[in-house]
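Order of writing sets the chain letters: A, B, C, D and E. Residues in each chain are counted from 1.
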Amino acid sequence: MLENFSFRTIVEYLPLFGQGLVTTVWLSALSFAGALAVGIVLAAMNLQRGRLFRVPAKAYIDAVRATPLLAQLYFLYFGLPRLGFVLPELVVGILALSLNSGAYVAEIIRAGILSIPRGQVEAGVASGMTYVQRMRFVILPQAFKVTIPPLLGQAIVLVKDSALLSLISVSELTRAGQLLASDRFMPAEGFITIAAFYLLLYYGLKGLAALSGRWFGLQPARSST
Amino acid sequence: SAGTLDDITKRGELRVAVQTQGPPFSLVGANGERTGSSVELAELMAKEMGVKITFLDFDWDGLIPALLSGKADLLVADMTPTLARGMKVAFTKPYMYTGSTVFTKADSKFKTTEDCKAKGTKIAVLLGATGEKEAKTAFPDADIKSYKGGGPLLLDAINNGQADCGVNDVSAVKGQSTAYPAGSFTIMPDLLSKEPLAFATRYDEPDLLVWMNLFLDQVSVDGRLQKNLDYWVNSDAWKKDH
Amino acid sequence: MIEFRGVNKWFGALNVLRDITLSVEPREVVVVCGPSGSGKSTLIRCINGLETIKDGDLVVDGQRLGDPATNMTRLRTEIGFVFQSFNLYPHKTALENVTLAPIHVRKIPRTEAEQAGRELLAKVGLADKVDAYPAQLSGGQQQRVAIARCLGMRPKIMLFDEPTSALDPEMISEVLDVMVAVAEEGMTMMVVTHEMGFARKVAQRVVFMDAGAIVESGTPDEFFSDPKTDRSRAFLSRILRH
Amino acid sequence: MIEFRGVNKWFGALNVLRDITLSVEPREVVVVCGPSGSGKSTLIRCINGLETIKDGDLVVDGQRLGDPATNMTRLRTEIGFVFQSFNLYPHKTALENVTLAPIHVRKIPRTEAEQAGRELLAKVGLADKVDAYPAQLSGGQQQRVAIARCLGMRPKIMLFDEPTSALDPEMISEVLDVMVAVAEEGMTMMVVTHEMGFARKVAQRVVFMDAGAIVESGTPDEFFSDPKTDRSRAFLSRILRH
Amino acid sequence: MIWQQLQSLAGSYPLALRGLGMTVVLSLISLVLGTLLGFGLGILRTGGNRLISAAIGAWVDLIRGTPFLVQIFLIFFILPEFGIELDAFTAGIIALTNLAACFICEIVVAGIRSVPTGQVEAALASGLSRWQRMRQVVLPQAMRIVLPPLVGQYVLLIKDSSVVSAIGLTDLTRVGWLVVQRVPNGLLVFFLVGVGYFIVCYPLIMLARRLERRMGAAHGEVQL
């Protein structure tokens, strides 16, 4: 398949890839924002003392992590209408990705928070900060530093998972490659081009992660305890 | 050098890539057996060659690469031999003609193909299938939704109200709708197009291509092709057996 | 201002605080001393609720700890605490460590808080380390930032857990001077320390702990010149010998 | 045993070690003192290669640091180090902290190492905390575990960074007694400390640092009774005053 | 109608079991291999050698940054052009193992970097060799950071194994697609597929929770 690799056909299909790329980008960006929101709420619930919040949060996280996105997508797309909610494909897609990824993000954030030495929490408590202030000024900035790498990992998983949305007729990057593969029977051209674009997105994300790492940055060197 | 047919004879095995895209062409029956119109034709080919048959069951993404990379000798799926595709693989003569049809839910307000031309109608098609292109020309004002995942998903989308009308290969629609209670869907009598279906192999296997065409000629002449199509495609006789 | 009545605390099977009864008046300076592991840190950690007590009463600034009506967060803004292990925020510079709580808890305007923070840091000899992160500071420098952070909140009560342990003698006397000044302004203070010079100079009372219990408590003069129990006599003689 | 020749070190623009030249003989005990931030920790951290130096030579036990031929891991097994901030392994109990290196580096059989570890912990007064994790220990207890961990390796050289900072006076004298005993067995030691009693008792030499440079170095008697520079005179007078 | 569908579903259970078996076998083998390889790569990557570290970094980026479908496609369909012919199962295992190793490598690196420098220094100072430092001091502490995302990665991987249907292996998801042709109730079919994955993934998640609690207790963790 490689010896007749046709760059010309790829160029011909570039506009289609471009459209797909744009859709993938904004779709994933919105979904990841949603996933962060869902994840933070779930992690906060999961870290409460009371069972009232902890139990449902744990149950949700486990259920979502233990089942495939495909089944969840089916539930939202075909199941919700039976309960009387008919939502547009894009909304269902973003919802599915956010709810799915949120469960993973929640675990990442929880691990990050638990990695903060207890002395830090105590210092915040002792200076009279409220729970929210402690979270905001002391714990989350330090937790984010440890969670940036796994969050980047989750983000790229989400970007790639968004390809599943072509099942419910959302046309994104992968679909463009599949079209090239099925119209022209050029699977190598189609898939390798997709891979190149995803790689581009990956490096973009990595750059963003590095930037935000610097944002929360602190010198490693000697520890303070 | 020895041709593909010699290779096949030597290894005693014909490797056929199938897609299992659903009734009536290729499906997994109630007892887990692989069957369908195309599948039986392929089995017939192997029988005529005097070798055993091995099915390689890929999903759509893997089908063409399997043929092009030589993992499979030939490809048996309900594929339309377009000119663009013909640049890459060698199609046999068409062995049957079908076409895309429009279908709706039985109690829907869309009763005819004309109804579906209204602006904003949601039309479900299969990603990359010929139906997708035809829908775009036939319903320029409609909202075309391309699903990936096979014909049954289209029926599901129509049944659940995610789309108003579906466009897909008529034989597929007929075959697949039998899984629903009778009368669930209205299938429009008119076809949007006439489409040939063909098998495919590689251009570096001219001997196999010649043989396959010969095979198709033979089975049309001796009626075995017609019998197959009558059983699988032109009726739902197969339903009681599988 | 601080009142322990029959307080007990356990870590598992270990009775870390035994029947503590102790009352600290407003503007009083109390020094707590005693061997390592005797429960000094635990005692003062109870006062701002970092440890919970099992039985007995603890009333701080008129509010009973453990009482649902007590707003712990509010109460803690009135209690400054310097940790034995500093617990500086590693992601904030020295100045930010000092100004964080004043800005967000006390709601002091940023420029004002920074001005005050710089002055405090200068007071503990760190004018040139304002923008250094904790990881870039020596042990003694970290400890001084921790002290400045506590002073910056202008609390009603200050609790110090070995505030000079990481300092050299020269710096100890400078930091103690700062603490003496604060004490003389009329602050209520409890200081875990073994700096007997400091105790003599500013403490109204020395409390000697051993194995979780308060063994002896009296004015510095009484305690140093005429310890009442064998245990404290032994402790003092070791200090003097060395 | 340890020889600094014109060593310089920078942190960014800060010249933390300036032109250090210092030689420590086998079996010699050297006390390093000086104000906070003067570079004492950095000095001794260089000796076992925790900090790298920019120019000058540093030869330890006959091996030049920074030389590719020097096996740092081997060398470090001969150098014991007690950190100012303890750095106990939080996931190991006190006993495991002490026995880890003997078992894995010195290849001492586990039971034997544990026996020795228990004895060492008993020596520093922690017989009852053998199975406690660092988080369950008071500050002074942690520091004693750190000292026992260093002793457990039976190194040729021992470096202590303020080994008694978190201890009460009683415990200080006990720990110092342990160190005195070790020193008297002929160990080479460098101790950053401000315990002048210890310096007088066992040190052959006191080194006084300020702003990264060795300002003065001499026998304890010379240093305490007749400091040569203004800077050390001022430092000593502050110690005595307080 | 549901009743009738359930009946025809019941007939497909041998197929479903085969699919589940394929999913379990594929993921189990590649998880074990991927974990070993991933930890190895992670440790090498945090080691001193810049060249090795950069090479691993580039490979990990390449694999994490591209769709798994494309990777498996290259291994199965393109490698033969370079003379490497693999059967579908082997290709699936290789692709999944590689994917697992790369994601796990990143997780391990993050965990290792989260261990305070003081800990490494203490280990250095007591003369522990590089491997001993890793084994005795760094990894046990890193595991606290590593474990939750690691399990997350495991379950993601079990689900990613469904992509192998592109090269002709019939796993649980593929069975779902096959069955849905005859029982057109996708909601029901994929609910059951979901249950199948749940049966595989949930015990893993529970196990991780247990381990995590044990480690937390040893570290004297507090609530916020």
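By our rule, a contact is a pair of C-beta atoms (placed from the backbone, for glycine too) under 8 Å apart; a residue touches a chain by one contact, two chains touch by 3 or more.
Chain identities (UniProt): A, E = Polar amino acid ABC transporter inner membrane subunit; C, D = Phosphate ABC transporter ATP-binding protein.
As the structure is a computational prediction, the values presented were derived from the model and not from experiment.
Common neighbours of chain A and chain D under the contact rule above are C, E. With chains reduced to the mean position of their C-alpha atoms, the one farthest from chain A is D. Just count the C-beta contacts per chain pair and the biggest one is A-E.
The mean-CA centres of chain B and chain D are about 81 angstrom from one another, to the nearest whole unit. Rounded to whole angstrom, the centroid-to-centroid distance between chain A and chain C, based on C-alpha atoms, equals 45 Å. For the pair chain C and chain D, the distance between mean C-alpha positions equals 28 Å. Here the CA centre of chain B is 36 Å from the CA centre of chain E. Residue positions of chain B with contacts to 2 or more other chains are 61, 65, 68-69, 149, 153, 156. In chain D, the residues that touch at least two other chains are 85, 135-136. For chain E, residues touching at least two other chains, in rising order: 69, 73, 77-78, 81, 116, 118, 186, 220. Touching chain D in their complex are the following residues of chain C: 11, 33-37, 41, 84-85, 125, 136-141, 144, 161-162, 165-173, 176, 194-195, 197, 235, 238-239, 241-242.
On the side of chain A, the complex with chain C involves touching residues 117, 119-120, 122-123, 125-130, 133, 137-138, 141-142, 145, 216-225. The part of chain E that touches chain B in the complex is made up of residues 1, 8, 11-12, 14-15, 69, 73, 76-78, 80-81, 165-168, 170, 174, 177-186. Residues of chain E that touch chain D in their complex: 116, 118-119, 121-122, 124-130, 132, 136-137, 140-141, 215, 218-220. The touching residues of chain C, when paired with chain A in their complex, are 48-50, 73-81, 83, 85-91, 100-101, 104-105, 133-137, 142, 149, 153.
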